[in-house]
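Just dropping this structure here.
Chains here go by letter, A, B and C, matching the order in which they are written, and residues are numbered from 1 within each.
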Amino acid sequence: MSRERVLRSVRAALGEARGTEVNVPRDYHHRLTGEEAGSRADVVALFSERVADHRATVRHVGADELATTVAAALWAREAKRIVVPDDLPYGWLAQLEGVQALADAGTVDVAVLDAVDGVVTGCAAAVARTGTVVLDGGRAQGRRALTLVPDYHLCVVHADQIVGTVPEAVARLDPYRPLTWISGPAATLDLGLRRVPGVHGPRELEVLVVED
Amino acid sequence: MTSGPIPLPMPRVLGALGGTGPGEAARPRFATAAREALADTGQRRSLRESMAVLRGRREAATAEAADWEELREAGRAVRDRSLLSLDTHLETLEGAVTDAGGTVHWAADAAEARRIVVGLVRATGRSEVIEVRSPVTREIGLDRALAGAGVDVAETGAADLAVRLAGERPAHFLLPAVHRDPAEIRRTFLRRMPGAPSDLTDDPRELADAARAHLRRRLLSADVAVIGAAFAVAETGTLVMPEGDGGGRMCLTLPETLICVLGIEQVVPCWRDMEILLQLLPRSATGERMSPYVSTWTGVSAQDGPRDLHVVLLDNGRTAALADEVGRAALRCIGCAACLSVCPVYERTGGHAYAAGGSVLSGPIGAIWTPQTRGVRGAAEASLPFASTLCGACGDVCPVKIDIPGILVHLRGKVVQARRHRPVPPPEMAVMRALAWAMGDRRRYEPALRQGVRWARLLSRGGRIRRLPGLLGKWTEARDLPAPPRDPFRVRWRER
Amino acid sequence: MRVALFVACFNDVLFPRTGEAVASLLTRLGCEVSFTPEQTCCGQMHWSTGYQREAAGLARGFTEVFGPQDVVVTPAASCATTIRDAYPRIAEATADPGLAGAAARLTVYELTEFLVDVLGVTDVGAYFPHRVAYHPTCHSLRALRLGDRPLRLLRAVRGLELAELPAAEECCGFGGAFAMKNSDVSVAMVADKVRHIRQSSADVVCAVDNSCLAHIGGALSRLRGGVRAMHLAEILAATEASR
């Protein structure tokens, strides 16, 4: 059987070196340096700057303005029908008038996801240094197809969800959940090495940072 | 000193230096393939411009990370840790994937991997598959196998689409169409892509939209997907896939069945190691702080993504590389292709010249990977370690510190060693031995020196040599050689 | 200071003036220069072409000749790299711990390292009234990591105008056997190097290794480029008196 054959080859190949312990020096940055961000406000500012570098739109709102801002963003795009995870906090859509929101519990057909004007979700964590939001399928995030098929993704990030670095994010996230790290809209370098939107994921990403 | 018998047959020296053994010239060596590539001026221009852009992006992205050198050292250690206990990590991975609802398959070679994947696709009863082309799926020749089994394959990547429509092979294992500029891709789309808008321009945005329109229906309705991935985490059974365009996300969320083909070296011990590799890879590969999308998933999830997950673990020569204490460092490779964009040889030849026996990896990493996984008996494979000036740029940028120049020299030694067993030594070997013998002692060196100077001066006109005989003539095809002065340094020193 | 000169075999035969320049320069700076005629070749060509056994023989020969010397100086950066970086590897590949030990006891400097680090000089009192481009050879740049030592020496030369060389750090395409085994690619690379040298409008291109310079100079000569290729040592040795 090939399983044994491959494992036997590996063992034979390693010979006496097999099982040699290698110490991994972890003296790289675990948190942002003081130069990058001296205060909590700097971390949030760095996150916004880096999200914008990916050509995503980023806006800061107070908690009490969130519903209005969500509604305004959708109106500005003339969105008629959107999809949301069925556990999205009700308040986020409270100001939504004239926009139909389909609540998905894993049931909305892919053809419908392809036809809607956008999706609104929260996130599990966000990384300042890389301008990344991470979704783990938890509360307010839905299944992965939800943030993939629609062409517009509005993602709500609470300021306290933003960590500084990739190591902080990795420590906070659960690898047993399906994770999607999103750094800007879908982009390809394939066609002339200019980062252009597309081909398959949402071509527009808008991030709302909620600060209390 | 006496002028005894001349130790070196000079015309033979001149004729054979730089040559190869009998019968080898007819086979597709790197040099032969490179000549063709050099003649493709369009490709050369595109490659020159693209590589400069990639170099600039990588440089900026790594300069920005103040802890870059610490990350590289950690990356090297993580990869060595993976490799030196590879058997243990593979077994752990198998257990973790199985516990999470997936199925693990083992393939000793490409043929077995093809059989496994084709069998899995057949078992679904479907005849359409979507695929994120990856170095590993190309390595096993999956497309042709699936087509042979009557399965229709759609790629997700715009560049893969362009390369296939143009009837070409990828020139770069990460950016398959990097040797073609947008104008050429536009022409290919217009000519070969059904439904391409007739007013398509060469704006990359429009090209991306055209590819999206062409592929979308197939991707949204697919039931089976085949992908590669960047890493597999042994401890948790997690698969990790960075990408730009969302084609990978299509594959791992919409279909019912997901088949992931991985080289056995792609395993890493623990989840925490991702905090290193997810920083090294995007910055090195495309000069991004993070890839637009990174998906990580463990087995199957209820109500999210495929119901069936298959992981195919492929050896296909990797254990042969692992057996070489020096050369095994090549298996640290995380597939960033940074060594390609800094390589002056790759920049001028593109990837096709490195495709010994259909191998996929090109550039400096291909030149150390292919001869190790395929052996150095074939002339094409044996020519790859010599396809480098040893300028060292590749080793300097490698995010996991693979000493590529050192391994190239090591493999040159293996190639020569393999030739030592021939009943008649190749002419180059005879000459190199004779030179070593002559230079091994002053009493042999000095007469040889005098003899060489006399010969060279006979060939020179006006202080330079414009034509040398035999294969040394390769030098004088485009370069003069200064005529050696009558007296070498040692004579001048003695007589000063 | 007593200094043993390792001239390198190709300088011995093709570029004796470089050896003479090193000797006169170091003598001018107060060193006592010796030349051991037992020296031949460091083994670089054999090692980098895969002839490990032959390279080991030459490496052992080198350590025997230069073992008794306190300080060895060479104007060949790639040979310095071979002795420093490759000898331990040659010893390992041929299972010769004696060679490893002998190599570890050698003290070999590339010329500009010796000038800047050991003698502590950057102004060597040279005079060279020309426009000069400096090509950092790959071994000097990425193996020896000479950094800006050669440039600091050049900047202190009176009369010398330093020309900016575009894409200076790109390999010239020599690579030893590469120049013949892969001559087409090699020529394509040196063609770009020559183009950049011309763009710099220098009348002299210099480097710390005559092997690369033979390649660049050979292409310039074929194209009758009007630019001279010259070892850095010859520039540093030139004085107003020597004009």
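Methods note: a contact is a pair of C-beta atoms (placed from the backbone, for glycine too) under 8 Å apart; a residue touches a chain by one contact, two chains touch by 3 or more.
Just so it is clear, the model here is predicted, and its values are computed rather than measured.
Visitor: Any chance you could name the chains that touch chain A and chain C both?
Guide: B
Visitor: Which chain is the middle one, judged by CA centres?
Guide: B
Visitor: Take the average of all CA coordinates in chain A, do the same for chain C, and state the distance between these two points in whole angstrom.
Guide: 53
Visitor: Report, in whole Å, the distance between the mean C-alpha point of chain A and the mean C-alpha point of chain B.
Guide: 32
Visitor: At least two partner chains per residue is the criterion; list those residues in chain A.
Guide: Answer for chain A, listing residues that touch two or more other chains: there are none.
Visitor: Of all residues in chain A, which touch chain B in the complex?
Guide: By the definition above, chain A touches chain B via 1-3, 5-7, 9-15, 17-29, 33, 35, 50, 53-54, 106, 110-111, 114, 127, 129-132, 137, 143-145, 148-149, 166-167, 169-171, 175-194, 196-202.
Visitor: Touching residues of chain B toward chain A in the complex: what are they?
Guide: Touch list, chain B to chain A: 50, 53-54, 66-67, 70-71, 73-74, 77-78, 80-81, 84-88, 90-91, 100, 106-108, 112, 156-159, 162, 175-178, 181-182, 185, 202, 204-205, 207-209, 211-212, 215-216, 219-221, 233, 236, 238, 244-247, 249-250, 252-254, 264, 271-276, 278-279, 286, 288-298, 301, 303-305, 313, 315, 319-320, 322-323, 325, 328.
Visitor: Which residues, counting only chain C, touch chain B once they are in their complex?
Guide: 7, 9, 11-17, 19-20, 23, 35, 37-41, 43, 45-52, 54-55, 57-58, 61, 86, 89, 93, 138-139, 141-143, 170-171, 173-191, 214-215, 217-219, 221-222
Visitor: In the complex, go through chain B and note every residue touching chain C.
Guide: Residues of chain B touching chain C: 17-18, 20, 30-31, 34-35, 38, 344-345, 348-349, 383, 385-393, 395-396, 406, 409-417, 429, 432-433, 435-436, 439-442, 445, 449, 452-453, 464, 466, 471-472, 474-475, 477-482, 484-485, 487-490, 492-494.
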